[in-house]
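Across the two complexes that follow, chain A remains constant while its partner is chain B and subsequently chain C.
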Partner chain A sequence: MPVLISATHGIHTPEDVVAVRQAVRQRAVELGFNLVDQTKLVTAASELARNTLQYGGGGAVLIEGIGDGLRRGLRLTFEDKGPGIADIDEALRGGFSTAGGLGLGLSGARRLSNEFQIESRPGEGTRVTITRWR
Partner chain B sequence: MLTELFGQDDAAILQRWMDNQLAGSGFRPDRISRAELQENATQFLSAFRRALSSGSTDIHGADWAAVRHVLDVLSASRAERGFSPSETATFIFSLKQPLFDRIRGLHEKDGVKLADTTWEINQILDKLGLYTAEVFQRSRDAIIARQQQEVLELSTPVVALWDGILALPLIGTLDSARTQIVMETLLQRIVDSGAAIAIIDITGVPTVDTLTAQHLLKTVAAARLMGADCIISGIRPQIAQTIVHLGVELGSVVTKATLADAFRVALQRTGLAVQKQLPHERKPPAERDRTSGGSEA
Partner chain C sequence: MERIPILKMGEYLLVTIQVDMHDRVAMTLQDDLTARIVSAHAKGVLIDISALEIVDSFIGRMLGDLAAMSRVLAAETVVVGMRPAVAITLVELGLSLTGVRTALNVERGMELLRRRIAEQGRDGAGSD
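For the complex of A and B:
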């Protein structure tokens, strides 16, 4: 899948989470997503960026506009070198949180995107990739 | 060695320095006047001269306190006025040329002395230039911190819509620090006013994620403990769809699309109604102004 545009943003402070939201919104607007899809993408990005910061101890997100002749999409890859997720199934089930949150961030982000991949190894870090098509 | 630099025709050095600053890109006639620049330069030169005559080249030492003070005041005032860091540091760096020229005049015949003195004065001026940049940065940080605080306080107004009905129009990002202030302000106003209903309007909140939702739910729960019911209004269609996908349960919290809808509910709950007056019932304007309260029935 050809990458049209790509940019990396560091996630190390709560202000960076705000900056990621703004960057994702801007890209989504550029790619012609409608308002509902923009909001879904931005919200999913907000959840995952906060997870990267809060659980992963900081990391980065790669924002890519992708597309072939037929369709366009936005792909976000969040990566951290944190402790990893011990039980991915449990983390994805919803309502489970190790930090007093609502426990809906990861499962919510999955429902807000069209494609969702998560790789995590305890002690090595976590990588979450989501894609939403226009 | 460095003390020889000054003592005769200091006015010429000042003049050359001023010319350099006025001609360089660091001069901002819109932000600083020529007279003020001249005063800064004169103050700096006299402090600089005294510091050099002490023999010390440690700009962080006691002998250089007066020089640092001049630069502190100058950098802070330039940060306030919107100068860039390089424009601020140029104040020091533009002094190099007049001083190097002076050194050349003094040691024209002695190459070693010429090189040594130039190197020595260059080091001092570089340190002073970096010092101005540091002070400048610190002043900027202080300004930003102050503005953040101001925005925090400004952006959380609690307004009384009616007796017993408060509204809290939220605008911008709901991070933890802000939510804490929002919650405290709202709870305090509920106590002060004895309000029965508080409307939290999130029209101006661009993104509602699980953390924002959790903050809102906590605020509603806390207000309920104080005896006030909350209505959340300003839920736009895209936000509503997103909240559903996230799986956030708003439970028993009353939500409305607009602040007007929420206000209507609040009026009903407090036993009030807005009624339209027929033309023949309307009082003349002067009389109407005196009876405050409007169309309450």
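For the complex of A and C:
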């Protein structure tokens, strides 16, 4: 999948989470996403950026505009070198009971995306990739 | 450190969230608002989120917590001005803001508060 544009943003403070939201919004506008899809992308990015900061101890996001001539999309890859997630299925179950902790952030980001991948190893870190197509 | 202003309008408080809040600002608002409800003897709180471009799980939870804290302090809370795209996203995210009263705009929110407080006055007239 050809990458049209890409940029990396560090996530180390709450202000960085705000900056990631703004960068994702800008890319989504440039790629021609409508307002509802922009809002979904920015919200998913906010959830994952906060998880990267709070649970991953900080990290970075790679923001990519991708396209194959037929369609365009925005791909976000969040990476941290934190403690990792021991039970990904449990973390994805939605965790309403955890009052909006990791559970809702992760499962919510998945619901707001067209494609979702997560890789995590205890002690090594977590990588979450989401894509939304226009 | 930036803070979200809280305006007093009669027996109500109006909070207009205009910045893309980071999480510490949201936590400060909880402290400021609960203190202000007590010091101003406020009966109702309007939280205007019409400038917010997103409500994620953190902000959603904060709004729910503010409504619950206000209720414990005997003040009603109404969240007003949610954008349609935000409402669509919030539901898809899995948050339905249970326990948070909403209104389309500040005027309607104010009407709702007046009605609620008048009802409480009637209901509680004998027991108070």
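Worth a mention:
Quick note on the criterion: the second predicted complex is superposed on the first by the 127 of 134 C-alpha atoms of A that agree within 3 Å, B and C clash if a C-alpha of one lies under 4 Å from a C-alpha of the other, contacts with A are read in each partner's own complex, and residues count from 1 in each chain.
To be clear about the criterion, a contact is a pair of C-beta atoms (placed from the backbone, for glycine too) under 8 Å apart; a residue touches a chain by one contact, two chains touch by 3 or more.
Remember, it's a predicted structure, so these values are computed and weren't measured experimentally.
Partners chain B and chain C, once the complexes are superposed on chain A, run into each other and clash. Once the two complexes are overlaid on the shared chain, A:108 sits against chain B and chain C alike.
Once the two complexes are overlaid on the shared chain, A:3 sits clear of chain B and of chain C alike.
Contacts of A:21 after superposition on the shared chain: both chain B and chain C are touched. Of the two partner chains placed by superposition, chain B and chain C are both touched by A:35.
In the superposed model, A:86 lies in contact with neither chain B nor chain C.
Touch criterion met: A:50 reaches chain B and chain C at once.
Within chain A, the residues touched by chain B in the first complex and by chain C in the second are 14, 18, 21, 25, 35-36, 38-40, 42-43, 46-47, 50, 94, 104-105, 107-108, 111-112. Interface residues of chain A, counted against chain B in their complex, comprise 14, 18, 21, 25, 35-36, 38-40, 42-43, 46-47, 50, 94, 101-102, 104-105, 107-108, 111-112.
Within the complex formed with chain A, the residues of chain B that make contact are 173, 175-176, 206-211, 213-214, 237-239, 241-242, 245-248.
For chain C in complex with chain A, the touching residues are 20-24, 53-58, 60-61, 83-86, 88-89, 92-95. The touching residues of chain A, when paired with chain C in their complex, are 14-15, 17-18, 21-22, 25, 35-36, 38-40, 42-43, 46-47, 50, 94, 96, 99-100, 104-105, 107-108, 111-112.
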